[in-house]
Amino acid sequence: MGFAGRDLISINDFTNEEIEAVLDLAEEMNSRLEKGEGMELCKGKDMATLFYEPSTRTRGSFERAMHKLGGEVISFAEAKTSSSAAKGETIADTVRVLENYADIIVLRHPWEGAAKVAADYAQVPVINAGDGAHEHPTQTLCDLYTLRREKGKIKGLRVCLWGDLKYGRTVHSLIYALARFGAEVLCAPVQGLDMPEAVLKGIRSEYNCVPCKVKPDDLNSMMGEVDVIYITPFKPYNLALWPDLNAGSPTEINIREALEKTDVVYVTRVQTERRTKVGDTESVESYPIMNGQLLREFKKKPLVMHPLPRVNELAYELDKYPRSVYFRQAAYGVPIRMALIALLLGASELEVPQSRCIGSLLRKIAYERYKEVFGVRCPNPNCVSNHERESRYLVPEFKMLKGEPLTLRCVYCDYETHPPYIASSEWHEGKLENKRYYSSDSFMLGRIKPKNLIIFGSESEAQARGFKRSQYATSPKKVRRGGG
Amino acid sequence: MGFAGRDLISINDFTNEEIEAVLDLAEEMNSRLEKGEGMELCKGKDMATLFYEPSTRTRGSFERAMHKLGGEVISFAEAKTSSSAAKGETIADTVRVLENYADIIVLRHPWEGAAKVAADYAQVPVINAGDGAHEHPTQTLCDLYTLRREKGKIKGLRVCLWGDLKYGRTVHSLIYALARFGAEVLCAPVQGLDMPEAVLKGIRSEYNCVPCKVKPDDLNSMMGEVDVIYITPFKPYNLALWPDLNAGSPTEINIREALEKTDVVYVTRVQTERRTKVGDTESVESYPIMNGQLLREFKKKPLVMHPLPRVNELAYELDKYPRSVYFRQAAYGVPIRMALIALLLGASELEVPQSRCIGSLLRKIAYERYKEVFGVRCPNPNCVSNHERESRYLVPEFKMLKGEPLTLRCVYCDYETHPPYIASSEWHEGKLENKRYYSSDSFMLGRIKPKNLIIFGSESEAQARGFKRSQYATSPKKVRRGGG
Amino acid sequence: MGFAGRDLISINDFTNEEIEAVLDLAEEMNSRLEKGEGMELCKGKDMATLFYEPSTRTRGSFERAMHKLGGEVISFAEAKTSSSAAKGETIADTVRVLENYADIIVLRHPWEGAAKVAADYAQVPVINAGDGAHEHPTQTLCDLYTLRREKGKIKGLRVCLWGDLKYGRTVHSLIYALARFGAEVLCAPVQGLDMPEAVLKGIRSEYNCVPCKVKPDDLNSMMGEVDVIYITPFKPYNLALWPDLNAGSPTEINIREALEKTDVVYVTRVQTERRTKVGDTESVESYPIMNGQLLREFKKKPLVMHPLPRVNELAYELDKYPRSVYFRQAAYGVPIRMALIALLLGASELEVPQSRCIGSLLRKIAYERYKEVFGVRCPNPNCVSNHERESRYLVPEFKMLKGEPLTLRCVYCDYETHPPYIASSEWHEGKLENKRYYSSDSFMLGRIKPKNLIIFGSESEAQARGFKRSQYATSPKKVRRGGG
């Protein structure tokens, strides 16, 4: 499959081979930029940058990239106030208008899943430049390009993710990509700003990667040596190291050894604009500043990366450290985005071999889309499906994960939910008295064939469709398989 | 008269022949766009988009159009806060500076008449991209282009204007244009959001079009059949159908027949950002949603148009209806604006025959400008002449309509006012005791020669100029012609 | 020294010869613009306009200039809200990212000295488009170009600066430039909005220009003749006329004669957005409007200039006065900025003779940079060094002026401060009991060799570095040289 006309909403939209191809083309773009060679690949084309959230870096590098390709830009830098969204227009309508004025749309939006909605409705390619705390795939491409360019490879690199892993969308996209390319990842979050469970589960289910447990003794010995201030955010349960994609079983790790073997420290900013709970604020007080003293704990003199902007989490003294590559990382945004724009617009063509990416294969196996879902809403209040619903065009949609408990994953924002009731369409066609609904955690989940499964968000939804309560629907929490 | 160097402030600035010429050129532009042919007509030219109100569609399509012509754009997307207007600069000054930085200025402004002020002061062409609730002529050109392209003609089409006809500036420009091109128009406003009297009177006085009365029986029978919710906004007194431009006398119409014969339904959004009165809010509760059920009342399967953005007034289910053309309508903004920019910049030239447009001729006859007006202000609080006056450069200016009562129409926003007092300059030159002022609705209005007429906004204005109260100035409401 | 790669932060960054060269190139650009000749000098280059404050004129003319040179623009018109600054990014970080996306950066920022910080960190040229109330050098270039073009020369012109001379950054840059080019300047400020002492002292110390005193008799006779309202802002102590650069001694001037001989009146707007004190507001009530009546006091029919936007200080009736050149002045912004961009980008090259500019030489003599300064902060609360300090990268830095009292000038915003304590590094190396600190206004200032001078902002700073209080540190105000 070629790239022309496709969207980039999640880093998972591309196979590993496709990502490698983009990185290769970016490398070529970069050497032409360095030679000062002009490119006219996108002459006569317009790119719309539709930004509902602030940006210097991302918008700037996209616009630079389009200019370097000979194309033009139509800029909506303050889309929230300056565009028709101020009049209540839906995302779907906005992009169906904009597709007439631009050949490609770059969207940043505060709602999770917004870019997918835009891509679903626009006939021109849509690039996700950040949708809430969800994904930011072009940043991930820059990160991967930086890793490959500065370290020569991605597979086997030991990367420590440092800082706000909860709201930092860049690290969500990045951790998937690192897992796919076989890097080893150590999560070192600020206290209370851990990598979300959904992301960890996603990696576990899709890439068969299992978080490791830290041996208490090692942690204690480390705590005795390094400054307490810095160690507070480390909590055993969220220290996670994937030694290898192929290693399927949990192992215990040694934290000192982990830090000593780290090739790359990826520091992220606390996304204060996304935090709303009071409790979150306090944890920032004990935020560990990545500075010279702390960096010395990393014995391999790792690369220091940061998606920028930084606030206080990365000391300015590290700017002179030769392996601080965060400004180069920002610079690489231009060739990466040039490659991407040229490919999606069909201005550059690449032959990519049929995917053999383990990640993608696993994803296909891991779940199947299921359609008969009634009255279930995505539990993420910031999901686009919870904002656009009044317009009556955006119906919640889920993929069903394999296994138990019954789990639906929102196709927009990847949040998971466990709907309480199920029924079977087959029994319904049989005897009328069998038209009953059950608790989703009852033994019936295993008995109903997947193709017949009906899922309800509430009893009233089931009853509205003519189903009657079965004895296995009384008290979901108490009806276990063993009780069947 | 050619197009180069002219402004487009009102759709009435162009004769019918000129509008047809613009549509023809847009058609040519469109076919070149479809062939992917590049145009360099405006290479080296800059267009400034000066937007004091939000816009995706209008600004986006203008910028796309300029790029497609090979020109450049200087964008002031948030002019209210990002430009010198934040420092208190007047419109006149802003455009006299901007004309040095751009070859053409596209202005959107919340004050009615603002675009006329800009055009009066700028030496480069000014295009009105919407001035308050007043006019939005390039939208009208898109609408006319859509009608002609989708239906093959404009004359004789039966167009139903649906929704907010009070604050929707697009329908104000459109209704004039439809009247001029001989379309038949049915107004179906939301309750309380009727087409403004000034617009209806303008059409009546300038195009000799008279609103029709609906026969009560037909209305009753219809009310018995269709959903009440939808029928509430219909009120007999504002149902208006002009069967033909030449038909000068009121006729009675049959509402069912009207709906059945409708070729085009033009739905508009409730302009919540322009409504300030509490009473307005309530009517929106009963706002009729144009959906599949309602559309079935229109038997001829009409085109469905909408200037977008929509909020709730147009159901998403109609997106799949083959004659819903609102997204195409938005797309046509590009060739229309290309044609317009190229013409006003003198990059394209067209020979247009001397106007024989009835509308324009009527307009010339209907009023003459009158200068001796003292102390009269435009009654529209949102008129530019009521905002810019403190700067001491913008003097209110009016045209006097023919006939009685004495009526002045604001040259900026087209609002009308009836000043209370008059005098004659001739008598003043005669005997001093004759230097008196009269009520404007006294018999004296008919006796003073138009060239001698002096108009006052108040008695003190008259007295300040040395006039004394006559016996026909005592109580304006009671002094009638018969009393003279 | 060529221009390529340099920054323009202050008008003083250029020698007189360099300024003349820029004006010459602008003249050439202007004549090519008038002939409609295209220029492709900057094809393939991007200019970032990073505006943290509103602008029509400056941003518009920069963008026009870049387009006319064949280059592209990446626009951050609302940088405060739309860029990463909204997330707390420092100026240094922002420009180190942006330098990867643009070949030249144009910055407007509310903090004084912000442009210098940007230039210190960015590897691409930075142009100051206004930093708080500090400088606005490209406006000054436009002003000089206007003077030279409209009057044929600058030297010897008598220029009256009128209006808000306190917060109007344009006049701060302008007065330096006029002094350097040998124009004579009369300051006529609004009451309470005088030219800041720092600026007057700067001119005095660097150009050896001394403010003149007005003879009371002449002032009285003038006060008897002209409208009192207009005369109120004149206050003897800030009437300043420099008859010639070479005249080193104060002379008395005759105000009537000064007005009569004025070649140019430069009117400025009251910068209400920069005034915070309540007291300031009142003075604006008595603000003198420059109108026809007032202009008649200037017998030589002077040019009327204004940096625009105006509010109420310049009457619209003057727009028709043939020597009102403020709109032309705005127009000249395009060729001036074209020349500047082309030079800094190295697209145009000019041979400029080695500087023999008196101003620059004087500046070099007037102070030397001194590094051992501890605990001194810039007294200007709006200085960038008082905003960016929390980020721990921006250390306050000062130049020491020659002479007494001990004076440090902030390298960012040019504010001056008088630190209270000094010590010598030499004595410290000798006997330990001599490691003492002294009041800066004691006789010791003259005894310590400049190369050994250490400066402290407080006693605790001195004590923290091991110095002990000397007897000459007890009470600074009482210890005079004579007391030593």
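By written order: A, B and C. Residues from 1 in each chain.
Criterion: a contact is a pair of C-beta atoms (placed from the backbone, for glycine too) under 8 Å apart; a residue touches a chain by one contact, two chains touch by 3 or more.
Note that the coordinates shown come from a computational prediction; the quantities given were computed from them, not determined experimentally.
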item	value
Angle, in degrees to the nearest 5, of the Cα rotation that carries chain A onto chain C	120
Self-contact between copies chain B and chain C, residue sets same or different by half	different
Distance between the centres, which are taken as Cα means, of chain C and chain B, whole angstrom	49
Chain B residues counted as touching two or more neighbouring chains	75, 77-78
List of chain A residues in touch with chain B within their complex	44, 46, 48, 72, 74-79, 81-89, 93-94, 96-98, 100-102, 391-393
Parts of chain B lying in touch with chain A, wherever the complex brings them together	36, 38, 51, 54-57, 60-61, 63-64, 67-68, 73, 75, 77-78, 269, 272-273, 308-312, 315-316, 327, 330-331, 333-334
